Amino acid sequence: MAQQPYDLPLSELEKYKPSLTRQPDFDAFWERSLRELAGTPLKYELAPRDYPARKVRLYKIVYAGFRGANVQGWLAMPDGDGPFPGLMLFHGYNWAMEGQIHEVVNWALHGYAAMLMLCRGQQGESVDNTVYSHGAHAGWMSKGILSEDEYYYRGVYMDAVRGLEVLASLDKVDRARIGVTGGSQGGALTLAAAALSDIPVVAAADHPYLAHFERAIDIAPAGPYHELNEFFRRNGDPEIETRAKRTLSYFDVMNLAPRIRCRTWVSIGLVDTITPPSTVFAAYNHLQCDKSIAVFRYFGHEYIPRAHEEKLRLLMETLRP
Amino acid sequence: MAQQPYDLPLSELEKYKPSLTRQPDFDAFWERSLRELAGTPLKYELAPRDYPARKVRLYKIVYAGFRGANVQGWLAMPDGDGPFPGLMLFHGYNWAMEGQIHEVVNWALHGYAAMLMLCRGQQGESVDNTVYSHGAHAGWMSKGILSEDEYYYRGVYMDAVRGLEVLASLDKVDRARIGVTGGSQGGALTLAAAALSDIPVVAAADHPYLAHFERAIDIAPAGPYHELNEFFRRNGDPEIETRAKRTLSYFDVMNLAPRIRCRTWVSIGLVDTITPPSTVFAAYNHLQCDKSIAVFRYFGHEYIPRAHEEKLRLLMETLRP
Amino acid sequence: MAQQPYDLPLSELEKYKPSLTRQPDFDAFWERSLRELAGTPLKYELAPRDYPARKVRLYKIVYAGFRGANVQGWLAMPDGDGPFPGLMLFHGYNWAMEGQIHEVVNWALHGYAAMLMLCRGQQGESVDNTVYSHGAHAGWMSKGILSEDEYYYRGVYMDAVRGLEVLASLDKVDRARIGVTGGSQGGALTLAAAALSDIPVVAAADHPYLAHFERAIDIAPAGPYHELNEFFRRNGDPEIETRAKRTLSYFDVMNLAPRIRCRTWVSIGLVDTITPPSTVFAAYNHLQCDKSIAVFRYFGHEYIPRAHEEKLRLLMETLRP
Amino acid sequence: MAQQPYDLPLSELEKYKPSLTRQPDFDAFWERSLRELAGTPLKYELAPRDYPARKVRLYKIVYAGFRGANVQGWLAMPDGDGPFPGLMLFHGYNWAMEGQIHEVVNWALHGYAAMLMLCRGQQGESVDNTVYSHGAHAGWMSKGILSEDEYYYRGVYMDAVRGLEVLASLDKVDRARIGVTGGSQGGALTLAAAALSDIPVVAAADHPYLAHFERAIDIAPAGPYHELNEFFRRNGDPEIETRAKRTLSYFDVMNLAPRIRCRTWVSIGLVDTITPPSTVFAAYNHLQCDKSIAVFRYFGHEYIPRAHEEKLRLLMETLRP
Amino acid sequence: MAQQPYDLPLSELEKYKPSLTRQPDFDAFWERSLRELAGTPLKYELAPRDYPARKVRLYKIVYAGFRGANVQGWLAMPDGDGPFPGLMLFHGYNWAMEGQIHEVVNWALHGYAAMLMLCRGQQGESVDNTVYSHGAHAGWMSKGILSEDEYYYRGVYMDAVRGLEVLASLDKVDRARIGVTGGSQGGALTLAAAALSDIPVVAAADHPYLAHFERAIDIAPAGPYHELNEFFRRNGDPEIETRAKRTLSYFDVMNLAPRIRCRTWVSIGLVDTITPPSTVFAAYNHLQCDKSIAVFRYFGHEYIPRAHEEKLRLLMETLRP
Amino acid sequence: MAQQPYDLPLSELEKYKPSLTRQPDFDAFWERSLRELAGTPLKYELAPRDYPARKVRLYKIVYAGFRGANVQGWLAMPDGDGPFPGLMLFHGYNWAMEGQIHEVVNWALHGYAAMLMLCRGQQGESVDNTVYSHGAHAGWMSKGILSEDEYYYRGVYMDAVRGLEVLASLDKVDRARIGVTGGSQGGALTLAAAALSDIPVVAAADHPYLAHFERAIDIAPAGPYHELNEFFRRNGDPEIETRAKRTLSYFDVMNLAPRIRCRTWVSIGLVDTITPPSTVFAAYNHLQCDKSIAVFRYFGHEYIPRAHEEKLRLLMETLRP
């Protein structure tokens, strides 16, 4: 049923720019969060991981994330002295099969110091060190949702910022040539990291998630946005919905979009039922940076070969591996 | 497709008794866990909750669970001086809409001091206070699965034991007339609590979950057992599967079954695709207590009116409200 | 796909008031039907039914319905002398598993003389004594649909009125404190009974069915309204469709709504695909009595805990059990 | 899923012959029923129905069925003086769109006096004149199921016998050359009519329904056999199941099969999920007449062109139109 | 979900007339194609095929189609000397089970010399003799789609024209009384043949396919139009989409519609999800001939008994068999 | 439903070795085919294709395949003088989105001269130059299926062999270090190419298709094997089924398996519903070469990260890039 465009027509998407839903202390909240992150010293460890490829070295990396959480990643470095451009990678929601090490290695083969962060609680040894004060629906979407201080994605966003700092601190990495990329949840983290860190010079987000929650709840035909719907079913107090939506506003990449200063590229398929096109355009249309969007009429929430080529080209030009 | 019996025929189910998969330190593990629980002082608070019914009072109850976790429940007390028989209630996995307060109240209208525990992390203010050392699939089935000390259900089982202790400590509750009941995850907790606490004199478990994991992984056509399959997909190291299955063995209600001493009743539908009949019989056939099982040919994982009546009758006879 | 609002937005629903589709003899038809009902003497028999609960007695009740049809119900009476407020219960379409006796008993535990009518032909010993003059699609929606005199629901509506009369006639029941309630088909019967009988002082209808048929046929994504679509497929004569819709107009609770004089409460979920919100609002907006509607954004055609509490409260205040 | 064989392998099907489940008074019941039918005088009326074809005349026929029920059919007669061979047609369950008049006409174009009976209650003006003493699941499968005297199909089987008598009585019909045919429910009626009437000289049943109920309830992945499962869900008393299965035994075409004396042909697809192959073979293997079965590996419960040709050929040879 | 009208409302459909998308050389292309067809001499062979019916003779027919391709058909002739009216039949996409010989025979029984063309490559010995210069999605929709000269349906349309010429050339066929009919792809071929050949005096197209491609790609919820979507997914170059849509414009029966001069009848169901009503009306509303459309509110892409009767009547009146 | 193992248990799979179904002239047929291929001179053209990566050059390659068909591929060469090991890649059925150029490039980044063949008719400019003498079901599985000389895969297998010859002939390619790999249809081609060409020194086949057809037709729950089932539905003559199965025997990689001499690795997931595990083991167990199989309990017909690493390692060791 959802194989055909089900959201707004492209001509309307291109103009779709709902008002931001930022709370008055939106920026203050993030400054406060970043200050807290800054209080945790940058610390990481590398352990080589045998991998059947030449000209690249793979490491398991573990670093201290928000509030000191153990965050694992995979780092693949091209052979040679560098300096190499860095590429920070983020994975999709409830995913990262086997840590997606092949992708990480492939990026290194392209000439990047590529580092994938495994999201806390979702994969590997990445630890979600928040003890949430209330119950949630299965999944991560409603963990800590009654308070912006406690919400799950606060830690994740800060881990992402710290991941960039770790990457930038590596010997062979050229700090001035660092990009961020990922799809779905990884696309949201891409935009969030670009909004909250000044390290990246380019951000490439495929069908970003966590955008324009209020519409997503109403229009997404499938996918993890529904965890929010389920949470509201199980907790029917209207005040809870109000508080939850207030919390979500801090993490909505639409609200973070205007903070982004680096070159930003977004892709979206018009039959994407997981991250509806209008939610993606809502965020995109609030970007004030040098930006572009790649739209694919016949694709949903999936790998899009032509998007991949555009992204490769963009990174090539921006990061010059 | 699963509307017809898909598991073993009833005649085989009745004899289906696979070997226990207990580790050598199975009992020691639970004694150790209970000792640790005993170290946390019994503590709870009641707050009245307005409810539109006569002859019953409803309270939000909060108590200190395993390792001091905040565990919320709902307690409904019949009007009068008591002493009343107590009934400990456990809810299904990823559920407990609005805390199922209507069910709790209905039990009190039947004459029981009825208390529902909200499972840590799943609902209300029940806090999962474990910080897990590795990532998991969305949901609770694989949280901490690499170690029996860390596994999610360790806390839940201990919270359940403590919940019983709290209920038994209440003024108007007759400690000698306490039962436990619940369905699905609540059925598993019913059996676990009966195995790990000597408080209950009767246990009534509807289509219990967390039973005979090894077969469940292979045969369950649907439901949260699949979280285990997904975890093994994402983490393909055979050693991880081995460790996880070892961990699960501690929490398998089949392995706990022989510890149960109180009167135990189990119900199961033969077209249940979430908790396959064979997994339920595997646990049931290892019970060594006074026991009975109610089998429903035409029902799946759902409310079964006739099972409910059997349960009411059993509790009536055993707990004499 | 239908997890998101698919019908009109709430702001439009609140104003949605299509013209009534009553035939000129609409009221005359119902007066005639009531007169015919009145011609059947009030007659019933009670037989105790053993039930495992204290403080309540359960009876199988059998009474003479429209044209003398044998209609079965379940009656649960609180212990004591009364007088008790009465609560007439109606069940959903093609349902009433095991006569829903547990629900009936629960209402009695709340203090009501509670009586569930089993719909003729659908459950128990309730007899559909109409011999229909033409074939129909499986189910009851198209039985006798070519004539308002023969249509299936004529008997059901009259049985409901008579059920109220039976309940009101019981010794321990306070005739001045009688309510009606039910969901789906039971919600339709609740509204129909309130419109056609002056006994009830309060009516509580959850997601009522049989409302605004013309739109339901066009918009309901699922459920028994489709029996009408199927009937029209199999009998393609446009005149048949015209006659059938004319017949349905007599039974449309939208058309009956203005007749209701008692306090009326309606509930509806905005993702209800069986009784689309617009069909429910169409009826609700034609109510001229003291009324309120409870709207649930995240719920479909299902049990809604918060609606249940609202209903309990309303009945508590209105019927003072 | 059911695109692949899911029932017994063909080699086992060919030998699959479960014991009959006849009650001791099985034959007596049917003799009694036939005697009662014989008490109703043969009566019918014809009304021409305009139809856009040459060389054939179409009539609506109405005759008195069991207990005088009004039974409608369609009769198509080739132009000419005859005598023509007669072909009695029966339709599928819950079906007969627009009375399937095109099929009836096509048979007449082939040279047969073709008459389709519309099943009582299911289509047209065919009246189900039984007032059932208890409620049933939507559909006809459980109507009157607690007694063989009241069961829905008693009337239908007798109507079918009477239909044959009507057809045989027509002026231009050669009574010695009459066949019966139909698919699914129509296949069951074909076999039942051949078992209960000595008029037909040939019976051709496509994927017959109402065969070997006990297995059908357990193995049919889909279709109206499930009404029985649903009835047993809603009425869980084991005695009800026992009585219902006893009732069904009278109507099981497997039990009727040994009574058939005329040439009989049956067809079945091996991926038929509505009338599982084993239930069809169970009936077929109990046939003691001149018989053959056409098996189609790649077909389900649907029109099978090659089966149609076999049937045409059989009728051609047997009835010589 | 698609059981209810999902496309434009009927009142809008009746006026829905998008601009034609013809290329400037549209007519020239078809004249060129017809000239090329004319260069192939009319040639066919008949082979009798045994069939169990009286008064009709069935033949396998093989004729030389576009560019000499071997095209098979089935021809059924009424017994007698004729001359008979001719009826050219076309089958649905990816179909023609066993060559649909029973349908062909039935038409002959109605008095027509009936001939079914098996579409090249889709069934029987009909040969698709084009060697396509590029790959395509499975199916025929994208074969040769980058050029109107190479596109699959060019050959099919020309084979259809030639089929009419063959039929018209038969001894016993009255060339002045020839009609064309078919459903879905067969409906498209019906319209195309009527547009490209002056032989037919009547065309009857059930839910015609290959109409208004641009909208079909966007709105069809299911069916083979999706092959186009898939082709564009796999070949994302926008220029390819442009070229493909240009090619399709030549074969769009909407663009061919104004060429039709004979009496034309179209049928469509309003819940048809394979050939959306708006695409059918788009073509219909561009017809400039004597025309009518039969609309069925409750039907999808399926056999519609009432449509069949209308068609029979139309052919009866027009072709006088 | 098919998330759990549905085929034979692993212990049986490991021993599952059905008899070969080779026709007497099996080897002769392939020798004849190879001789015919040899008659076509080796010819190819390269055209650079801009691609955003360093250290690798991408070319569109076009070569003359079986009977001179134009076959397109993508060739990616590492920068440098070589000689490089060669890797021939084959894609899945009805696929190769955008020619899978990113995968081809990734292999080159690993150090291989990597060449993907686009299967004739399925993608790009690869031309299926066979004109088939009969119709087929949509797709390629039944094209030419009535004769081994005409069957679609004859050309494809020969194109694959020729592709290897082209790759081996390239200047910078080390002919002694050439491997073949692919998944699904690409896995079948991998095995076929290894069986029919002596160029590859290693073959790595992921979940190979076209294996043990007779069982696949009966057991595959989904996927293109069903095209065969559909073909047999539409063409029900048993002789056609016999001829088709005879044809398939020539192309069954189970029958080709014993011809393979090079190191061979196969992977399969136990919940693969497209290429059932038993069909893969049937082929594997007939391999007589140095072989190994990687089995994945929790995976279906999809990308398996751990399989990919095993394959990388195997190629690394065998081809030493």
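Read from first to last, the chains carry the letters A, B, C, D, E and F; within each, the first residue is number 1.
What we mean here is this: a contact is a pair of C-beta atoms (placed from the backbone, for glycine too) under 8 Å apart; a residue touches a chain by one contact, two chains touch by 3 or more.
A quick note: this is a predicted structure, and the numbers were derived from the prediction, not measured.
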Given chain D and chain E, the chains that contact each of them: C, F
Repeat of interface A-C, chosen from A-E, D-E or C-D - more than half of residue-number contact pairs shared: A-E
Interface residue identity across copies chain C, chain D - same or different by half: same
Between chain E and chain F, centroid-to-centroid distance (C-alpha), Å: 37
Length of the line joining the C-alpha centres of chain B and chain F, rounded to whole Å: 51
For chain A, residues that touch 2 or more chains besides their own: 1, 97-98, 233, 236, 305-306
Contacting chain pairs - touch in the sense defined above: A-B, A-C, A-E, A-F, B-C, B-D, B-F, C-D, C-E, D-E, D-F, E-F
Residue ranges of chain A in contact with chain B within the complex: 70, 94-98, 118-129, 131-140, 224, 233-236
Chain B-touching residues of chain C, taken from the complex the two chains share: 51-55, 97-98, 100-102, 106, 109-111, 305-306, 308-309, 312-313, 315-316, 321
Contact set on chain B toward chain F in their complex: 1-2, 218-221, 226, 229-230, 232-233, 236
Contact footprint of chain F on chain D as seen in their complex: 1, 3-5, 296-299, 304-306
